[in-house]
Each structure stands twice: as C-alpha cells, then as structure tokens.
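Read the structure below first, then the notes.
By written order: A, B, C, D and E. Residues from 1 in each chain.
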Amino acid sequence: MVDIGLFTQIVINGLLLGGIYVTIGVGFSLAFGVLEVVDFAVGEYVMVGAFMGAVLAPILGSEGVFVIPIVLVVFFGVGALIQPLIHHVTTGDRPHPLLMGLVFTFGLATFLRGSVLTIFGPNNQDVPSSLLTGGVTIPGIGTFPVVRTVTAVFGVTGLLVFMYYLYRTRGGMAIRAIAEDRTNARLMGININRYQSIAYGAYAALTGSAGVFIGMTFTANPGMGLQYTAFAFFMVVLAGMGYLPGVILAGIVLGLTQSFTAVYISGNLVLLVLFAIIYVVLLVSPAGILGKGEWAT
Amino acid sequence: MTDDILRTTDLTKRFGALTANDEISLSVERGEIRGIIGPNGSGKTTFFNTVTGFYQPDGGSVHFDGEEVTGWEPHRLARRGLGRTFQIVSPFKNMTVRQNMLAVQTDDGRSREEKRDRAGEILEFLEIDHIADNEARGMSGGQQKLLELGRVLMLDPEVVMLDEPAAGVNPALESRIMDHIHELNDEGTTFVVIEHDMHVMKTLADSVSVFDSGSHIAQGDFEDVSQDDAVREAYLGGTTAEDDEVPI
Amino acid sequence: MTGPVPSLDRLPGEPRYWYAGLAVLLVAWPLLFGDFWARIGLGALMWIGLAQSWNMIGGYAGYLDFGHGAYFGIGAFATGIAMAQLGYPFVVGFVLAAVVAATVAYLVAVPTLRLTGAYFAIATWALAESIKQAALVTGITGGTFGLSLPRSSETFVGVPVPFPISEAFFYYAMLVLCLATMALTYYLFERHEFGYRVKALRDDQDAAESLGIDTTRVKRQVYVLSCVVAALFGAVHAWYIVYVHPNDVLAPIITDRMVIMALLGGLGTLTGPVVGGLLVFLLERLSSVFLGSTTFYLPLIGILIMITVLFAPSGIIGILRGEVDRADVRENVKELGEKFDLL
Amino acid sequence: AGLGGGSERDYFKLGAVTSLSGELRFGGEVTQRGYDLWADTINEEQGGIEVGGETYEVEIEYADAQSTPSTGADAASQMINDGADAILGPYSSNVTLAVCPIMEQNSMPHISGSAESPQIWQEGFEYSFGTIPTVSIIGNEATSALLNLEPQPESVYVTAVNEPFSVATGEAMRAAAEEAGITVENYEEFPRDTDYTNVVSAAQNADPDLHLHGGHIGSHVDLVNAAEQLGYNPDGFLMHYGVNTGSYRDGAGDQGPYTFGATVWIPGVDRSGGVLFDSPQAYADASQSAYDTAPDYTQAGSTAAGIVFQEAFKELGSAPPLTQDDKDELIGILEEIEVNTFYGDVAFETEGEYYHNNINTQTLLVQLGEDGSPSIVGPEESATAEANYPVPAWDER
Amino acid sequence: MSGGDGSSDVPTLSAIGVEAGYDRHQVLHGITFESRDGVTCIFGPNGSGKSTFLKTLNGIVPVWDGTITYGDVDLTEAKPEDIVTHGIATLPQGGGIFGSLSVEENLNVGAFTVDDADAIVERKAEVLEVFPALEDKLGQKARDLSGGQQMMVSLGRAMMTGADTFLLDEPSAGLAPRLVDDAFGLIERLVDRGAQVVLIEQNVRAALRLADYVYILAEGEVQFHGPPEDLSEEDELMELYLGL
C-alpha cells in the first residue's frame, strides 16, 4: 500500500536533497573535467564553508545567507592560490599525475580537517538563520523546507552560471582549451595559470557557499566533510565525468534513490544501495547515466 | 593457388553511423611486402586494428597462416606470429629502452640470455643502442618510432604490419629502415605497410592496396596503381610519385 | 640510473654488515624493547606489508585501487567468522582469508579491471564501501556489533601450543608475513620478466597486447595477488586485536594510508613502501608521544603530505637514492613560483 | 623510554586511553575533562592520595586512541609499558572492547568512565570495570519515565543510528515501550550519514505521539533540524546520548529547546556529600571554572572512575609504584568497594550480564529549557521540574 | 621562391649560443641561428634536437645558456604566452588541435591574443578562403576530422594569431600526398604575405623546394647552414643527414 501523501513528500525530499548534491556536484564536476583534478578536499571546503557560516553569521545578524558573499570572495581567493600548487603536482615529468593530484588534495583535506578540529574542537556548531526556517506546505502535495529549497535554487543557478561562462565566453573557451592540452593552450597565448586559477577559485567559491547552505540545513561539524566528498564522487560518476549538464539529472537520481530506499526499503540499506549503484554505473556506462561524460586519464 | 598468409573476407567495422571498413577483402601472399595507401581517414589504421584483434569486427573474417583468427585477442595473435606497430608511437615510457624490448612475450621458449642478445642486436641495428639504458620517455619522436619497430621484431613475427613506419623519420634513417625491411623480407618475413611517403612505397612495396572511404578500391603494382586516375584524384593530388628529383 | 636491485651501498662500510645488523635487530626487537615497542614494531611491519601489497597493483601495475582496504577487512572478517562464529582455530581462519580474498578478488577483477585511471579508482572505492555497508547489516559479520575473537593458546592450531600467544608472537607473525611479501615483490616485480610485463601494461596497454602480453591475465594476477596479501595481514590483525568491526577493518582510511605510504615512499619501487610505511605509521602512532594529547598532528601530517608531493614527486626513496638533490628541489621551487604569476 | 616504569616513583601514575582525534573526539574530550578534573582536584586540595601516612600526587598520562580499536590497544599497551599503576578507560565501546583484552593479558586494573555498550560486560573481563551503567538500562528507564507523562502517549516511533551504542539504545527504548503496552509504530535503523528528511517524513506519516531516537549528538541535531523544516510535531522527542551537552545546544541552535534526554546524573540532581566533591553542584562549579563547560554524566562518570581508584588505592595501602601483587589485590578491593561520590554510590556487579558494571544509578529523564539548560522531569520520585509536555509545535515557539 | 628580397620589416628571430635540455640531460649544445625572410628550414636526424630548439624559441623549454632575441626584444626568459603576443606563432609537432572544441572555436582560440574583433573576422575569412574544406566543418568537433583536415585547422589556427613569424614542426607528417601539397601550398601563401617561416621537415625533398635558407642540426649542434644551393657541395652531409 502506497500512501500518496507520503509518496509525494518523499519525491519532494528526494528532489531537494538532489538540489543539495547539485551545489557540490557543479564545482566538483568542473574541477574534475576541466582541471583534471580528482579533488579529495571537496568535502572539506563544504566543512570550512559551514564553519565560516557558524562563526560569522552571529556577527552578521544571525543570518547564514549574509555570510555567502564573504565566503565567495575568500574561497575564490584561496582557491586561486591553491590551484598553482595542484597544477604543479599534476604536471611535469611526474609518473603518476592523477595520483599525485589525488594525494595532494588528500593532504589538503587532512590539513583543513585537522586545523578546524584543533581550533574549534570537535563540537557541532549551528549556522543560525532566521530567514530560512520552517517549511512551506502545499496542501495535497507536501512540505517544502525553505532552506533546502533555497539551496537547490542556488545550486541550479550556480550550474547555469558556470555553463554560461564555460560555453559562451572567451575565458570559458580558454579554460576548455587548457583542459585539452596545456602546452598548446600556452602557445595560443593563454595564461594558463590565470585561467586555471579562475576555474579552481570559482569551484572553491561555489563549494564553500554550498557549505554555508549545508550548515544552515544540517549543522557544522569538523568531521562532516568526508561524506560530502563521497557525494561529490557520486555526482560526477552519475553525471558523467566533466559533463556539467548531467549534474542536475545526477542530483535527481541520487536524491530520489536515497529517499525511496530509505522509506520503502530500509534506512540501513541506503548507503549500500548508493555505492552499489555507483559501482554498477561505472562498469556499465563509465561516461555516466547519460553517456556524455569524458575525462582523459 | 597462391599461398596466402593473411586473408580478410568482407571485413567490416563500424563506428556508430560511420563505416570505417566496408567489406574489405584482401589477401597477402607469404613473403611479399604489401603497401596500403589511401587518404587520411580512409580506414587503414582501422583495418590494422580489426585484423590484429584490437577491434571486434562487425562482419567478415580474418585468416592467418591457414587458421581462422577472427576475434582473437591481440596478444594471442602476436604470439602466433602476427606483429604490428602503432601509428601513434606507444613506448613504455617509464621503462628503459632495453626493458621495452625485453617486455615482449613469446611462446618460443627463448632463454633470457637469448632474448637479451637479440634485443642488443636489434637496438644496435636501429642505432639506438647508445640509449638502451635510458628511460623511453626521453626519446625523440623519431627514436620512438625506431623503438616501436624494434619491439615488434622481438616477436620474430611471420607477418609484420607497420603503420606509417617512416612518418617523421629522417630520410637517412628511413632508407636504412627500408633496407632492414628488405633484409627481413628476404629471410621470409611478410610485411604489410601503411605509408604516405610515395618514395618509400615505391621502393618497398611488391604490390599496393588502395583504400578510400573505408573500401578497398584497387590493388596492383605501385606503378600501375599510381597511374590510376581515381587514385591520383583521391590521394596523390598534383604530386607525381616518380618525382624524385631534388631541387638543388 | 639505479639498478633494479635495492642497494644500501650509499651507507659506509660493507653492505652485508648492515644487512646482518638489520636482521639481528629485527629478530631481537621484541625481546629487547618489551611489549609496547613490540606492538609498535608489529604495527609498522603490518603497514609496510600493506603498503607493499598496494604498491603491487597501484605502483607496479598502475591501477589506482582505492578499495584495497576492503581485502584487509575481508581477511579480518574471514578469520573472525571462522574463529568467533564457527569455532575454528586461527590457522583455518588464515587459510580461509586467503581463499575468500582470492575468490572475491577474482570475481571483482573480471569486470572492474576493464576500467582505468580515475574510473577504476572510484569503482573500487565504491565497491569497498558497498562491502563495508553490507558487513554492517549482515548477521554473520556481527553487523554493527562486530565480532570478538578468542585469543588463547588452543586457538592457534586447535591444540595448545608450547609458547604464549603474546605480542612477541604476533610480532614474529607479522615479521614473517612482511618479509615474505617483500621477497615475493622483489622476485616477481624486480627480478622476473613478469615485472616487465606488469610495467609494460601500466604504460601502454594496447602496445603490451600487441607484443604478446596477455594484459587481462597479468592484471588479474597482480590484482588477486595483492588482494590476498592484504587479506593475510587482515587475518593476523584480527586475531591480534581480537575484535573486528566493519567501521574499523573496512574503514576507507586503511586504503588511504596504504596509498599515501606507497606514494610518499616511492611508487613502483621495492623499498619505497618500506620507507613510506615506516614513516607514516610512526608519525601517526607516535605523534601523541611527541606532540602531547592534541589533534595538532593532523594538520602537520596534511602539510607533510602536501610538501612531499610538491617537492619530492618520486618519493622519499628518490631522495635517499640521490635521484633528487638540492638543485632539483630548488628548480622545483622556482617552477612552482612561476605558476603563481596569476595576473 | 620503554623499559618499565622505574621502581622509584613518589606519585601514582595512571594511564588514560582516550580518543582525541577521529570520529569519537567529542566524547574523548569529555572523558579527558572528567579524568583531569579528578586528578587536578585531588592534587590541589589534598596534595594527592594519602597512603600509609604519606601523600602521593596523581599523574595521568594520556594516549590517543584516534577513535580506532587497534590504536587504542597500542595506546593501552604503551601505558602499561610505561609502568602505569592503573588504567582509565577509553571513550566508546569499540575501543574499550579492544583495550580490555590487553588488560586481561597484563593483569592491569582498568576502570572505564564512559563505555556504555552491554557487550563489554557480557564478555566478563576480570580486570575491567565501568562506572556508567550500560545503555540498555538508561534507555529503558528513561523511556519508561517519559511514557508516564500526562497525557499518556499511545504510540511511539523509534529510530536508531546503526552503530553498537545507538542500536542498543534504540532497542532498549523499543523494549520499554513494548513493556508498557504502547504501540511501536516502527523501529528503524539507518547509517549516520543519511538524510533525515526521509526518516522524518516516514515518521510524520505514522503520526506517533512520541519520537524516540538512539544516536550521538550530530544525529540528534540533524533529526530536529529536519523535523523543524518539515513541521513534524510529535508531543516530544527523546534522544540519547548527549542532549544535555554544549555540543547539542550549539549544534541544534533554535531547535534545541524542549528535547527530552536521558542521563544518570546532572548537576541539578539532589544529592549531598561525597568523596572529593561535596555535591553535584560543587562538581559542576569546579568544571565550570576549570573548563567553562557544564559537565554531563559521562564527564561525571569519568571523574567518579578516578575517585574509585583513589579510594581503592587508599584501601590497598601500598605506595606507588604498585607491584603486580598489588594490582591483583586491587581487583579484589574494587569488587568489594562501595564509594560515596557526588556522582552516586559506586559499586560494581560481581556476576551476571552486568559483570563489573556499576548499575547503582538512578536514571533521570531530562528536558531542555528555553535557554538550553536541562531540568529533571522524571521519573516522578526524582523530578525537580514539571515537564513541558506536549512540547509546543515548531511554529509556535 | 618568394618573399626573400630582404626588404621585409619582419623582425629577425635569432638565437645565440643556445644551450638547453631536459632535467640534467643536455640536448642543445650552443645553437646559433637566425630566421631569414621566406622559409628557413631545419633538417636533421631524429633526436638531433630540432623540436627542442623550436621549443626554446617559443618558450616551452627553458634556455640554460645563450640568448634569444626577436628584433630588439630579448625573449630568452619569456614565457610562451608572451612570445605569442610578440608575433610568433607555433604549430607543434603533431598539430596539437583542441579535439573537443569545435573547428570554429579552435580558430577563435588561435586569435586569443587578438583584441580587435574586426581583425578576427577578417582573418577567419582568410583562413576559410585558403581551406574551403573547413567551411562546412566549422561547427564540428575538431577530433572528428580526418588527419589532414586537422592539420588544416592547426595551420589556420596559427594564422589567426596574425603572427609575422611561424614556427612549424613537421606540418606534413602523416598527411596523404595531396594534403602534403596543400600544406606546402599554405606555407608559400604565408611567405607571400610577408611572413617568415621556420620549418622543420623530414620530407626533405618537398621542403627544399621552398627553402630560402637551411640549417642542419645533429647531436644538438649546427652542422651546416647556408642557402640550399650550397648544400649541393656537401655530399657527405647530404648523405649522412638527409639521405639524399
């Protein structure tokens, strides 16, 4: 027996959860596909973003959203400075560029997690927000939690902005050329350091802001990053590595799978089902569920 | 009846809507040097890949040395005696040049010493023995081509399929490579060679197959084929293949 | 170019004295320094062995297995189930660990090794996580409660043995396993032509195929071998720690550690995982001794990893062997500096 | 380092294994505070432990279990190797389960101030004791107290995170509800990293009177956040462990108030006298001034573990360092001992499924007030305040 | 032959005593070189350092010793992206097109350093005039083109920079004979427009028809330089390095 009210609510939950994943997936997909960085630090950017929300929001009138502009600027700057380091470890005559990037960002993740833990201690911290509370109930359909809805809108907007930049502007074209071949891009007069830094900075900025939203939706905790790193990987695999438009569909699939498994099968099997799906998708269609992803290894 | 060592029948390979090889039937006689020419994108490399097991054909069959080998895995064909090189060189970059040679695996039960000696001989002949213990990543484009050839010779193959062995190779070296191919051919090795350099084709090939748009459109002596209007139009353009004169 | 044979010839004096000294030290270790250092020693040996097992597939074959830790857990659980659920002695569990790991690895290898690069890395990671999640909800693994193993003199081979199942016992067990792993790696990957084939397929699979190498088979062999080695360490670990839980023996951090140890030490080299394993293990384990009871060692380890990857890409072994010198580091720093020109 | 503890030592040396990093670092810090507060207080106020007319200071050496059993075992071994007289236990059941066998092997007395899984006591370790009752007792009793509130609830919905402690908690809650003849709409387990909107939607659909949840603090926070977002309003939430901690208060923010929790001790508990600290309030004040944190029962239980050792040392009467014979004798003393502390009268079971566990405690049902501070609202005989029940709906707060 | 009347105002690209290599492995042992009006050819055996030298000119490989100047400008330490802005365009060995970008985007990337929108439109028209085959393919991904068409794209892309000096590394390698003709035809066109071309070729026969000046490199050293006519006196060189 399927209860219609519950069913529609589960769909809403799934879609909005997918929206949260989209906020992480967009930047990560860009980093993955365009910069060829498998970034283990993605979840820690979310975590640091959430902590910035927890620390700064009380100063800025208890509103998490007011922190977003600061997070955007700070993360863009820091990301732009980190990218040259990543570029350095993934180029040159290194025998395992992919692995080097992976391990470097793993070190970065450990550093960020350890630093926040050492500075703020292990406690949970609330990211306060009085604007985005409660939910809007549409009779007969279900309840839309405000903060989750806003997060989803933010994610989709971020995706559209990124896509516009990447496919409709000169800078985006430069970034795609760099993704293809760095040396040849330089021969065309492209300052690859600058554009890669822009791309990575944009990714970090979006992911950090996603962290503020996630902090408002859940809570901030030094250990929260790992699960978001996992979700970011889910997203790129389902979307197709580096295929930005696939991110939305990936979010929807991921969110709905999670909510339906949790309610109609068993909460305990949610992660098992998700990981199993990732594994099977990679075996059957490594280019994602739409088959459009590509990533040079 | 001729003694075909390699024969394809209606061999077909498609990539989506594109038919890269369209029912190609072609046979190579034991002991000959067969040239394959054709415009860029006409399906020459694809043909190599399908014959040597890197692509599964969508139709047709391949016979090698009296045995049907359609769909065999590449390594099995290689050990059976069908060697090939790649158009885009593929050295094992993190191994030394010598190790590149020694990685080759055969069924003939040669001892390690014999393998080492053979590798030494080949490297010496190709004049890359001085860098035998350097990592392959640091070789120039042309040197990599030579290594590519050297490695396949380690198989002691009956048939060697060479994909543009002379592209990017210095003319002096090129003629030495051709000499060596002739030498091996005299000892009984059969060659199938893709090459755009008509000078090479002319000196090397006993007969030539012409590909165009995925089809095998002509076959015969180099001289005859190069006079063929269709071939000139599709492939050779204004150049006269015999034009060997050096303008200085 | 350093030859394939690992050499200590940079050290003063006759190398064989060094080897002999090392051998004596290894054997006498638990007797000399007591239980605590025996535990540290056996932990180090285990991690060196695990790093080496990852190095086989990740370093030599170039397949970034990010689910390798699952086999450590499979070995631990095979032993745990044999001893705690089925009442068999340890040796049965040990053999079972090898058999189960080999079977699972073989079944996984067939579809998964068709993927390469990041695809393979993520697929193995997802698979390992699936295994962990499955163990958390399955009865035979004790689910979320884990399994407690009996540790007494009879549980070794089924009848009482005339020596105590002590720290020293486990130290020697790990020592034997670790040395066997090293010897096997040395023989297979550095001495035997098998090693060339593995490296060849790592660099260019198609070319390797064209040269008579059955890449599918070679990959599978390396994968299964490396997985079985990890499982055997898991088996000994399970009995030594007497308590196995999915969140412990199937934790992703186990894989992460193996990867970092192999990489920091030097990938695809025999001695790299030894150096990397020793260093990372001791840093983590002894950090509280040196830094006091804080979490400060986490950012420090993070920075250490970043610096090593930035400036010593061929790992610590590259520095020890003299392949990387101060001029290289200076060059490296200079290059890095140039990349910061963002405007 | 490395070779025994040295035979000349004029202080008691205790080893403490605790998780200062990794997933369990929050609890690890709590236990560390508990142990430290005991040691600092006894050293400052009494100059140490008095044995045979001499006073010996106490020194605690910590080792980080990094939240993993094998490191915990190493840490324990390190302490033993360094010649500790006794061991204070790690936080969390997993690590404790790995540490206990080391204690058995080395015949080393060990009291845990914070491990709550029933599994530990079922193993029957001879050298290990615990001051905190297993969660099967706390969970059960707190639930019973809650079910007695008026208006009588008719149905409950039980959830638990899939980890040993939380599952034990959830099962105890369910059992209590079933014993009381109340409808259990559903009992659901899920992993920690799940999204709670689905949990909440399913629960909301079942429309229970009460929601009972076993988990750690982060999961409680996620649960109330999702409940607020979806407007899920049962008459109350009972969650265990850690509702009355600063971490929950900070993490849950505006959603924190009115949550019910379980404990065996809070500063406000009515109790007078005890060794070292005169009253629960005196203890809380000491904690407040030392760490700027209100203690919860885990911290109190950890301090109590220290106090029990202190009393046992006195009874033993041997000067440090303790010999192996002393340690074996200490086990006998611990089995017999009864110590009156601010935390309660501590005594250990000597047989049965709670072997060596202190179950002489009174479970308390607490509820957080508007300001986030807990008050005791059950069971009736202990209650010091009226429960705010049913709790106000989210949009009426 | 065209262009070579010495009156062109294209700056001279010159190298003096250039030494360079990879890691610690030295490849170039003091190369002194000067680009001339028309086509300056560089021949030499495989691995002699031709590509490496070209990469020192365009900034990809750092110069260890010696200097590189372009007219009055010192380019010794300059980075590739800056060198382009000075008016030097490169066609790397193999072509180096951006496969996942469309043909048109490839051309646009070529004009990355050009700010004048009109100039871009003009040059694109010019490229299409030279390679009408590309007209229909503008929207296609470059990797879907055949090898020869890809080479047209990379030549066109180099033209888009509006450079005065072109460094071409084996533009005819792997091309079918009639496309080789096209490629060489294009080089003639560039020269006609007044550009200088530095050309590395193994197709010595064809290249000699265009050459105004020839360098022969072997083992990282210049073995010969002079106008092609002088080559005929160097039988040994011809035999050894050019196989003629």
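Throughout what follows, contacts are C-beta pairs under 8 Å (C-beta built on N, C-alpha and C of every residue); 3 or more make two chains touch, one makes a residue touch a chain.
Everything quoted here is computed from the prediction, not taken from an experiment.
J.: Count the smallest number of chain-to-chain hops linking chain B with chain D, moving only between touching chains.
T.: Step count on the best path from chain B to chain D: 2.
J.: Among the chains, which has its CA centre at the largest distance from chain C's?
T.: That would be chain E.
J.: Pick out whichever of the two, A-D or C-D, is joined by more C-beta pairs in contact.
T.: A-D
J.: Please identify which chain has its centre, taken as the mean of its CA atoms, farthest from the centre of chain A.
T.: Max centre-to-centre separation from chain A belongs to B.
J.: Centre to centre, by mean C-alpha position, how many angstrom separate chain A and chain D?
T.: Spacing between the chain centres: roughly 37 Å.
J.: Measuring centre to centre with CA averages, how many angstrom lie between chain B and chain E?
T.: Centre separation, chain B to chain E: 29 Å.
J.: How many angstrom lie between the CA centroids of chain D and chain E, rounded to a whole number?
T.: 76
J.: Could you please state the distance in Å, as a whole number, between where the Cα atoms of chain A are centred and where those of chain C are centred?
T.: About 31 Å, centre to centre.
J.: So which bits of chain E are touching at least two other chains?
T.: Residues 22, 79 of chain E each touch two or more of the other chains.
J.: What are the residues of chain A that contact at least two other chains?
T.: As it turns out, chain A has residues touching two or more other chains at 93, 95, 114, 117, 191, 230, 268, 271.
J.: For chain C, which residues are shared contacts with two or more other chains?
T.: Residues 133, 136-137, 268, 294-295, 297-298 of chain C each touch two or more of the other chains.
J.: If we count contacts the way the header does, which residues on chain A are in touch with chain C in the complex?
T.: That would be residues 32, 38, 80-81, 84-85, 87-89, 92, 94-96, 98-100, 102-104, 106-115, 117-118, 191, 193-194, 197, 230, 233, 237, 241, 268-269, 271-272, 275-276, 278-279, 282-283, 286, 295, 297 of chain A.
J.: Show which residues of chain D lie in contact with chain A when the two form their complex.
T.: These residues of chain D touch chain A: 21, 23, 25-26, 28-29, 159, 162, 188-191, 193-195, 197-199, 201-202, 204-205, 217-218, 221-222, 225-226, 228-231, 246-248, 250-254, 394-395.
J.: Please name which positions on chain C make contact with chain A in the complex.
T.: 58, 62, 64, 111-112, 114-119, 121-123, 125-127, 129-130, 133-134, 136-137, 256, 259-260, 263, 267-268, 294-306, 309-310, 313-314, 335-336, 339-343
J.: Enumerate the contact residues on chain E facing chain B in the complex.
T.: On the chain E side, the touching residues are 22, 25, 43-49, 51, 93, 145-149, 170, 173-182, 202-205, 208-209, 228-229, 231-232, 239-244.
J.: Using the touch definition from the top, list the residues of chain A that touch chain D in their complex.
T.: 3, 5-6, 9-10, 13-14, 16-17, 114, 117, 121-126, 128, 133-135, 137, 143, 145-148, 217-221, 223-224, 227, 230, 258-259, 262-263, 266-268, 270-271
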